[in-house]
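Listed after this line are the structures, all set down as structure tokens.
Each of the next two complexes has chain A plus one more chain, namely chain B in the first and chain C in the second.
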Partner chain A sequence: MGKKKRSSFKPVSLWTTPSVIMLLCLTVIPLLMLLVFSFMNRNIFAGQPWPGWTMKNITRMMGSATFWRLMGKSLFTAFKVTMICIIAAYPASWAIAKIVKPHNRSIFMMVVILPFFTSQLLLIYSMMNLIKTGGVLLTILDAIGIHGVNTWLYTNKATVLVLTYEYLPYMILCLYSSLEGIGDNLVQASLILGASKAKTFINIVFPMSVPGLLSGILLVFVPVAGSFMEPGLVGGANGSMVGGMIDTQYSGSLNMGYGAALSCMLLIILSIIMVLVRLSANRAQKAIGGDVE
Partner chain B sequence: MTSKGFRRTMMVCLWIVLAFMYIPIIVIIGMSFNGARYGMFPYQPTLRWYAELFTTSDLLPTCWFSIKFALLVTLAAVILGTMTAFGLQAYAPKWAKRFNFVLQLPIIIPWLVTSISLLLLFSFIGTGRSMISMFLGNLIVVFPYVVLLVNGRFEAMDRTPESAARLLGASPSRVFFDITTPAITPGILAGGIMAMIMCFNNFVVQYYLVPIGTNTLPTLVFTRIRAEYKADLNALSAIIVLAAVVLVIVLSKLGFSAGSLFGMGGGTKKKGE
Partner chain C sequence: MAELAVNELRKSFGDKEVLKGVSFNVKSGNFLSLLGPSGCGKSTILRIICGLETADSGEVLVDGRDVTKIRPEKRGSGLVFQNYALVPSMNVEKNVGYGLKMRKVPQEEITQRVAEALEQVKLGGYQNRKVTQLSGGEQQRVALARALVTKPDILLLDEPLSALDRKVRAEMQYEIRSLQRKIGTTTVFVTHDQEEALTMSDQIILLYKGEIEQMGDPYTIYSQPATVFASDFLGKANLISGKLTNEGGKWYVAGDGFRIPVNYVGGQEGDEVKAAVRGEYFEFCSADDEGANPYHLTTRIFTGLAWRLVGTMGGQALDISALGNHANTLSDDSDVYVRIRPENVVYYNN
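What follows is the complex of A and B.
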């Protein structure tokens, strides 16, 4: 790979030197360190002697029922949040891309991404205040005669709700940009020529929205699976997910090697899932006969 | 798909989604004027929280610190990102693809993992949790957005005026500043805005790398949410929402669409269709 003659080298490429160095030092090397530290005996800080190698982090991780349970919970939560986002975002994006008058579309999209311009933490805070005991939602429910509703706050449902709230705009944005590109006449032609609505959706709309759907899934599933702050804040005592377990190794017990091993495993599992999603999307697209991209 | 009932259903779905997104925000603003303890009922109108925010609260100074910090990171990200996008144009396609893969790692990898790997690195080299670590950590997760957005402009851009100017005798630097720069400016601006917002908002990286004893706005809000309910946070939220509304209006007046800010659709993709 590295033996090719660099005949196409142009001096302009030198402009990328600073970022190549930065990406090497701040992305590639830290990731390698994560891998190396997984096999390290104890914490290592500047100026301390080399701690030596061990397999104990790996065996401890493989044998930890808690880790695999929390990993499963993280992946399942990420799956739920992604599905809710897709189901909610599809009609909404379709409405913005195809039904709203063209000159109003950008206004709607700006409204959709506005929460993104505020602050993640403030969004969580506002959702927590809405659903808490004695908060607005439960007070209104009480006033209209629905009594004795327990708050979702500090349960797993709250985690799903808050994460959906945070990541829904990304999904709408991704789906909108794909759906917007589908020509109206294409859909109409299909309907006029006698295809049913379901068939038109499966054969035309869905295949053409797959690129947006894929980037949406990537933008929602991965960060949700790696989230630790939301479950910690709203999930209650049993709310913790795998991100929380990793976080504890650093903010609590300071067990860097074990934390590094857990992070590596999370990264590996997420990469495998994302590759599988991409492959199955490609196959679905081919099977349906869409030749988009 | 064109029948009236179907269209109405879709619009109803849209409004439900918007209600879901905005009701919590509206409630938080409403509660910023409520004097009752814990933001409960009965509602007691007051401006007390705003007065507290601007006098005794530690939220406002921290917010200023976060804004200044984000501006600093943005400046660095824009310079670095634009240089990179410019240099990337000369890459052979195969290498450009490889570079893009590494470039997108900080975007794709969960911030938790990125932050932990950076904490390991910085502990190892001795800077640990410090301003310089936090600066570098935020820079590495935001500058790829600048590269992607500026790169999008380069790819959408018509390259013939540049060669024409060169043939007619303009120097490379003249071509760069008179022709290339104006064409990519919208991408640089969009990249800067994204970098600014990503950095101002980035809880995870700051949580791991902020110097002990210092707070950025996200880490302070995190601590506050866990510790107590005090509505000066609502007052700050209301102000930030107002600022966001102003920012979004200014952006759309400048011709940015939501898609062009995130580097999808909206203007840059049109050419390929």
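What follows is the complex of A and C.
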């Protein structure tokens, strides 16, 4: 095998062209369009003249109490869902990565991934069936003697429940990939050096799982903060979140420019939060692991 | 410094019995090696001593105190793993100081003791290095410093050198040994490498299939292997079959064309026995010397340190190891005479 032959398979810039084009068409250009639309006077419809620039959308957004309230609610809901996912996913992924025997692991992974095989809408409706009045959950509670429980359906709790149910697998998968790489003898070494299990978690397992945790947070927090279908379906009359408001601008009031402005603001706020999360994770890691030259 | 005693340890994994009642003592400040092939239970013993594994029965005593039921984090033993087990998210200082931090030692003292420990393992000034950027030998030094910095009663080393290359390994053998002598921590060292066990230990326990085959200081274990397995595992001895005979009050293992003198340790005259003899204990002699046996030399192999002579005695294969001088003058396919002293021969009943 000559060296020359192999070198011709080296990735050259040409090879990345398809992915660059895809990224450009499906991510960069739409984002730029969103930004441009935020400053447009009215909707663009085929055949109409250029609508002209305006700051109207921005000022309206800045002054909209509803928008900021819904934004706060979205972020708080996303925070709750992410926290529940983290707390629930650590033991689950630890169990799959460390306690389950290797040859049984794929079965457990399959169970985690199984919800992905069903449409999201179906997942939501099946969850609604579980928690509605007269549904399985309340019937069981009734049967074991717990009466008078109000249905959770059409409350914010239902939104959190359904979103957690939908996004937990992402968190489990992300944490699993990090936890799997932690050697058993690291944990044993920590025990022998006098650390309790809790301290071993804080000092060894947690810092080493930060990469997985960060991608998990990204994959859960961001889509949950922007979700509109779940709050709309199970959140009830007061369930709407900022995603619902944006959705209304596009599908209901056909106010594309205002919707774009709201989307851009959501994007900016989420980016800032993600940067802050990453920075604080790095700081925590450094506080535990010490400076490196 | 502490005395370690292990009594009647038994352990099974499933239906496989890994330890079949192992007992031994290590005197304070001594260096004990648990030597044996893989699967002999040596690592399991170590893990039971530090509490990572619980024995089915038996007890572990440190200075007469029963620690069998104490959890690993409360035992205060120091353990060095084969693959170092350093925390990759921590720098060298945090790794070494981890045990002290868990014991709530004040930060100033931690800094000072970590510096001392790193100095001891010749890694002074490495505090802020990333452990993943160190070489294997350096990582193992960090692991050693981490185990020693808490001043453990017992230091446990689980094949700490087997992942290192030959040269670094020899260096580390010497350093671990001299460091251990200096600080005097009672040490249990697990290895499958007989040379390592011989060079480093005060005492060796040879394990085979969950039982102790032989216990003793390195010289005794090497020169007086108690069983066929021991003679074979430690530096491959020659096993020669013959009959136990007595001539004029002296005992021999004799066969067709040879007669090896032995010290009598039991058995009847005429018993079929196996004599274990190490190649380096043979010396060349002339035909009429006392105890001379004819040896047919087939091939000579030069190994650097000595010549390995491949040949036969009375039709049975016999490898002799000979230092330069005389062996240089021998030629392949020749007949010479060799003899051996009775204290260098052990025999076993078949």
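The rule is simple: the second predicted complex is superposed on the first by the 272 of 293 C-alpha atoms of A that agree within 3 Å, B and C clash if a C-alpha of one lies under 4 Å from a C-alpha of the other, contacts with A are read in each partner's own complex, and residues count from 1 in each chain.
In this text, contacts are C-beta pairs under 8 Å (C-beta built on N, C-alpha and C of every residue); 3 or more make two chains touch, one makes a residue touch a chain.
These figures come from a predicted structure and were not determined experimentally.
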**OP:** Sticking to the clash and touch definitions up top, decide whether chain B and chain C on chain A clash or fit.
**Re:** fit
Original post:
With the two structures laid over each other on chain A, which partner does A:G72 touch: chain B (first), chain C (second), both, or neither?
Top reply: neither
Original post:
Which partner, chain B or chain C, touches the larger number of chain A residues?
Top reply: B
Original post:
Should A:L193 be classified as contacting the first partner (chain B), the second (chain C), both, or neither?
Top reply: second
Original post:
How many degrees apart are chain B and chain C as seen from chain A, counting from C-alpha centres and rounding to the nearest 10?
Top reply: 80
**OP:** In the overlay, answer first, second, both or neither for which of chain B and chain C A:A92 touches.
**Re:** first
Subject >> Which superposed partner A:N185 touches (first chain B, second chain C, both, neither) >> reply: second
Original post:
In whole Å, what is the nearest CA distance you get between chain B and chain C after the fit?
Top reply: 8
Original post:
Of all the chain A residues, which ones make contact with chain B and with chain C?
Top reply: 188, 191
Original post:
Residues of chain C touching chain A in their complex?
Top reply: 50-52, 71-79, 81, 83, 85, 87-91, 93-94, 98-99, 102-103, 128-130, 146, 150
Original post:
Which residues of chain B touch chain A in the complex?
Top reply: 1-2, 6-7, 9-11, 13-14, 17-18, 20-21, 23-25, 27-28, 30-31, 38-41, 80-81, 83-84, 86-92, 99, 102-103, 105-106, 108-114, 116-121, 123-126, 128, 136-137, 139-140, 143, 147, 197, 200-201, 203-204, 207-208, 217-218, 221-222, 225-226, 229, 233-234, 236-237, 240-241, 244-245, 247-248, 251-252, 257-259, 261-262, 264-266, 269, 273
Subject >> Interface residues, chain A side, partner chain B - complex >> reply: 8, 10-20, 22-23, 25-31, 33-34, 37, 44-47, 88-89, 91-92, 94-96, 98-100, 106-130, 134-136, 139, 165, 168-169, 172-174, 176-177, 180-181, 187-188, 191, 197, 200-201, 205, 212, 215, 218, 222-223, 225-229, 233, 243, 246-247, 250, 256, 259-260, 263, 266-267, 270, 274
Original post:
Which of the residues in chain A end up touching chain C in this complex?
Top reply: 183, 185-186, 188-196, 199, 203-204, 207-208, 210, 285, 288-293
